[in-house]
Amino acid sequence: MSGIDMATRPATPCAVDTFLAVRQATEHLARDLTPDDCMVQSMPDASPIKWHLAHTSWFFEQFVLGPAGVAPFDADYATLFNSYYVGAGPRHPRPQRGTLSRPPLDQVLAYRRHVTDAVLNELPRYDAHTLQLVRLGIEHEQQHQELILTDLKHHFFAQPLTPVYRPAPARTGQPPGAWRFIDVAGGLCEVGHAGGAFGFDNEFPRHRVWLEPYAIADRLVTETEYLAFVQDGAYEQPALWLSDGWAAREANGWQAPLYWRQDEGGDWHIFTLGGWRALQPDVPVCHVSHYEADAFARWAGARLPTEAEWEHAASALPAEHQGWHGALLEDESFHPAPVSGGAGLHQVLGNCWQWTASAYLPYPGYRVPDGTVGEYNGKFMSGQMVLKGASCATPRSHARLSYRNFFPPPARWQFTGIRLARDGHVRATA
Amino acid sequence: MSGIDMATRPATPCAVDTFLAVRQATEHLARDLTPDDCMVQSMPDASPIKWHLAHTSWFFEQFVLGPAGVAPFDADYATLFNSYYVGAGPRHPRPQRGTLSRPPLDQVLAYRRHVTDAVLNELPRYDAHTLQLVRLGIEHEQQHQELILTDLKHHFFAQPLTPVYRPAPARTGQPPGAWRFIDVAGGLCEVGHAGGAFGFDNEFPRHRVWLEPYAIADRLVTETEYLAFVQDGAYEQPALWLSDGWAAREANGWQAPLYWRQDEGGDWHIFTLGGWRALQPDVPVCHVSHYEADAFARWAGARLPTEAEWEHAASALPAEHQGWHGALLEDESFHPAPVSGGAGLHQVLGNCWQWTASAYLPYPGYRVPDGTVGEYNGKFMSGQMVLKGASCATPRSHARLSYRNFFPPPARWQFTGIRLARDGHVRATA
Amino acid sequence: MSGIDMATRPATPCAVDTFLAVRQATEHLARDLTPDDCMVQSMPDASPIKWHLAHTSWFFEQFVLGPAGVAPFDADYATLFNSYYVGAGPRHPRPQRGTLSRPPLDQVLAYRRHVTDAVLNELPRYDAHTLQLVRLGIEHEQQHQELILTDLKHHFFAQPLTPVYRPAPARTGQPPGAWRFIDVAGGLCEVGHAGGAFGFDNEFPRHRVWLEPYAIADRLVTETEYLAFVQDGAYEQPALWLSDGWAAREANGWQAPLYWRQDEGGDWHIFTLGGWRALQPDVPVCHVSHYEADAFARWAGARLPTEAEWEHAASALPAEHQGWHGALLEDESFHPAPVSGGAGLHQVLGNCWQWTASAYLPYPGYRVPDGTVGEYNGKFMSGQMVLKGASCATPRSHARLSYRNFFPPPARWQFTGIRLARDGHVRATA
Amino acid sequence: MSGIDMATRPATPCAVDTFLAVRQATEHLARDLTPDDCMVQSMPDASPIKWHLAHTSWFFEQFVLGPAGVAPFDADYATLFNSYYVGAGPRHPRPQRGTLSRPPLDQVLAYRRHVTDAVLNELPRYDAHTLQLVRLGIEHEQQHQELILTDLKHHFFAQPLTPVYRPAPARTGQPPGAWRFIDVAGGLCEVGHAGGAFGFDNEFPRHRVWLEPYAIADRLVTETEYLAFVQDGAYEQPALWLSDGWAAREANGWQAPLYWRQDEGGDWHIFTLGGWRALQPDVPVCHVSHYEADAFARWAGARLPTEAEWEHAASALPAEHQGWHGALLEDESFHPAPVSGGAGLHQVLGNCWQWTASAYLPYPGYRVPDGTVGEYNGKFMSGQMVLKGASCATPRSHARLSYRNFFPPPARWQFTGIRLARDGHVRATA
């Protein structure tokens, strides 16, 4: 989903430790999965786990090892595990990744070891440009760590047996109070990556934007709050929906978020990577499409924030209020968590990706990086919406406020939730 | 495509003359068509001419005559000729408008006369609110005048006999010089409708926007210039295209703009409402999708302007340089025309709708009008791109700089063309 | 749907009167239709009435006038009005016949007059071979007379206003007694056209077939009898259906025959060319697919007859018992009629086409006629089922016992009904 | 594909040895496959190998162990591994069998052992009816042994790496002489299973059929002979094809049989379970659809035999001339073989399934078996064509002359080949 901006940033030193930790984290995610588990492609948008394991290695072969003259582990992999890089040659068609019985899983794991070792061997001697590409490969692999979790969740739910990935204890939460809107004055603001650390090309250049006064909710919408929307008949009221959203609802038979199921007694249950669970009053709703987020906001008399409003509000607040909850490699619950702590903007990073009202388009002055790596982000700037924040499946070191995630408005299999906003009034104290 | 902003604007006095002229102009467009011609729906996005004739009358029945207590001409028409207004009750499905053999054409013309007379009778006594709705109906009908021409063109082209609508004389143009980029300083600008005259809800509120320096082309891209892009193999180079654009190109087999055909000798011909014609060096290319416009811009080392850049540049220039060429009811050639006149921004209104780089989204502070009329524009703010200007098929009195037209990026059957832009450098003289 | 067997039959004298009567009968069917009515193609399998009017003239141009050197009325029509004859050159795609606004209806009627006159002029001088082709053209036109009625019925039903074609008086029938099975001994029988009169190629050659003893119902299944099947929940019981039939039922949402609708009070109504009507206890059910006919038979503890069983049983009985009820040009009710008269096999010709258990395949020794006319029947001998009899929409002079009509098993828009059969026991008296 | 006729046949003693040998043969086929290999469903018509391994065990649980009161190995498997038996309860949707990562392969192998042991334990004590069901389960499992090979072949071909299943030595054959037609007198013949041994319900009852004189080719059409048809441009000549066949050719882009590929030098290669091979002059062509077989026959001035013609001709000849070549568990080449031996009808069983001109319909007097097992064959008697013989992938003990295999006319992934026939003349010596 992204590509480094070569022109404007200095070489990022990339420690051996970081590289190795990220490679191992990927394998850790797959450690309990059988070869059977790693084969399934449950829809064209998702990929088999085996493919993710291989593709994240291909990326280093393509952009680091190949240019450095290292012979490929297997010449066929250039095609098998290329995702969408036209500049890198032919690609096995995406919807047919589930046919890749060969190479078998153990061979893919050998491929991973080969690539890890080959990079490690030379890493101390890489020049600044190559180190940038290694860093891009690390960030790329972290993106796929999140996709491994979301694609596996989709596959396990498509499975009649709906297996449990990581057992999680039951819990019963308490309803929080109503969400509060925090006023923001706006004006001539700056958004985008400030430089000095890694960022994808699409976060650049940092630039000015004019914002009218607005207000933004202090926390995410919860499962129980979303249930009220469902129970109010929102899925039967076209007036609440964008026209495309209403059509998507009808075409897909949506009655609730993805992974929700109603039992015969009328109770709703949610499928998680820890198994089936009851709805919680304090846990953020996730797996909603942009259309559902937008309709919920309309129903609630609010709207979604623009990406600039979100980033400006989040940046203005003290870091300790940003409410991180990112579980990867830490608690492995892989589900959003309730608000913890006091006042301020909560659940900014690490719970749910948050749909914005902004289409995914280039920033003013954006430049596509040269070469094949330029295909990382730029060519997808059409037909998608920006999501801000980071989810419970995002590696913690991968998240930052200037991050621009993007998905088409009907997508629901990511951990996507809702933060509300509304037009504001300039106040003396703002 | 739009709806009046009731809250913020004063009642617009609407002369009997204007109403009558617009109603007659619609009928004038259909004057030479047979009942057979008026039946065809050549694709789900287009409608039969007979349906347009009826729907523009339904609009007055629904929003003006009905609320005033006038009995409907035929109770079935409420469903048959409702387009997409859920608040107005059930709708005959759009893709099946071509099955509407009943009512026959002469009955629809009688319906038109009935509605025209009923409105005329009471027009002098309408209150301000009703007059606003009459004005909205007039603007709505003008939008359908354009659709009558574009839908008919699509149908005649789908016809094996490709009939001529209005015969046009042959011409041979001269190549213009290269396009020139006009520098614009940007800064904190204002865009949107300034009030005081009719505007659709989506043009409001007028608001501030920050623009970095940019440059905008003084004229539209021509047919011959676009041919160079085709002949350079652009339709075979994925690197020039957005990912969705490349997929659309492949799925639809695009090799050139809609209505272009290559003969066995390799020459290209263009189907127009005046019949088949040779490519012209000075006539703006039209009937390209947003994807093609975007790819052309990339190929030319430029980009598309944002809607704010377009409107700001056009607003800053003297009115006599805006290069109107709108043919409706005047010369009836219904095809873009070459640049006429001297320096400045040409072909601003009246040649082609001009794709922008902006997604069609609400302006900051936008409010959907209350009631069913609120469905006019707001619910379509998803998945579409803004087009600025007006085309050779747009009624002249319907065009203005704040107008926001919108279509999905693959749409090609409107008169859609290309104006280039690029990032600028602040200069002392800008 | 068929083609003459040139090799085996003598020239059929074809009177001027017959030719003229059939041409006029076609125009009579369209006499009250507007140009709008004649434009609609309500599904890809159906054609606009205007196309039928033109295509039946094209057939004479292609096979009679053209070979005789008569210049075409309009050179474009060769493509526009060719149906599926690859040997006759390119064809306008079938699913796009609804785009044929040009030529307009009056021009098509002029085309008809031109063809009628041109044939009439030369008819007295045609040789035997040409007379055979004229006769084929007449039979072909009679087939299209039936299609005009079935396609118009489909279009009028797809129309929200469901217009009436020929008003018909209301009636209330009396329930007949139960159907009776007539025993037939079978053995080595002969079926197929015996020669001496016109027949399509697919009815030849007459040949022997071995039949085990069987029994065949004396009349067709009625609307009320079929309602009992519906009310017994048959559309929810997969065990009653062929696997393909169950899938078709599901894919199409079938709950009853085509043209049946249940009102809010639970009563069923049937759309006919005479308008909406209540179900009748004595009127044959029609507009069922082969799958529904087969499922009904299974539910009733019976089966469908094979085509040979049907033809052998019908041929063995006195002509006066064959129960003709063909309405075309006579009473114009265009709906099946109750049994009239006494014992014997009723409703053989002129009510409903009767689905058989036989796939449409070539008879032993069948030969495709030489030349383009050979495409009439032979290439369709795959994936379709044979129907015997003739319907209320079949011209009387067009019906005969050896006729082999054929449609794919899901087709429902023809007048297709059900006659039951079952395996028999050899009895001394049979 | 079939079900036992309970009513008419005596109990078949079923030896422990046979049961065990067939169970082991299935596992033998999968012995070298990885869990990854066993997961893939390369198209909706094919199934993963793991599913075949489980479903053949489910069959014994459903029809033998369950009725005998043996507890299920896992209650979920009743749904997961039911194919199409509505009477046996819900079914996991066929097109989603590729999502069945759980149970993993080793668990399915444990399931197999459990079922094998449970049946073996009780087999000596089963009554005649249960023994019939065991026998049906054995024949059912043999059908799936063939499907394991054909589905795996399809999957390996869909794989970019096109792996080899069982390496086979290269060979170069010699062109045989032209095929010879053997005259058969016909008359009143008998076909169908004669009883006394196992047969599926669809082979019963044996019955009389009248055959006109015909001739049948002494061997199958070879790869080189089929290449001549390809090179003659047959895939571009609609006149050679059934209408549905031409449409299927176009929709699927067929240019040659499935598994044929042309290299850049113009040479054709064939993918087999032994890897890629050159075309052979003496090896029967296979993997053609019914449409291609029919078109080839028309091109060759012949036709396909009816199923009765095929069976009558094969039955009349001495058993030693029936030319068995069935490789399963013997040489494991799994590809058709050349003619071996002298005069007579060759390649009757064990090379290719042979498309006939007969639709798959019930024999006169056919009765569906009672109960859920009745779904085995009867409900598929629609829209399919009969194939006679047996292929190189058919277990030898599973083949017989009365066997009726059936597939839809476009199916190509089975080992389906061509034997020609033509109408005959009664000769004194016949």
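Note that the chains are named A, B, C and D in the order they appear, and that numbering of residues resets to 1 at the start of each chain.
The rule is short, and it goes like this: a residue touches a chain if its C-beta (ideal position, glycine included) is under 8 Å from a C-beta of that chain, and two chains touch if they have at least 3 such contacts.
Since the structure is predicted, the reported quantities are computational estimates derived from the model, not experimental observations.
Listed by label, the chains touching subunit B and subunit C alike form an empty list.
Measuring from the averaged C-alpha position of subunit B to that of subunit D gives a distance of 60 Å. If each chain is reduced to the centroid of its CA atoms, subunit C and subunit D end up 37 Å from each other. Shared interface positions of subunit B, defined as residues touching 2 or more other chains, are absent.
Pairs of chains that satisfy the touch definition comprise A-B, A-D, B-C, C-D. Subunit A contributes residues 34-42, 50, 76, 79-80, 92, 96, 98-105, 155, 158-161, 163 to its touches with subunit D in the complex.
Within the complex formed with subunit D, the residues of subunit C that make contact are 84, 86-87, 188, 207-212, 238-239, 241-246, 290-291, 294, 357-359, 361-362, 364-365, 375, 379-383, 409, 423.
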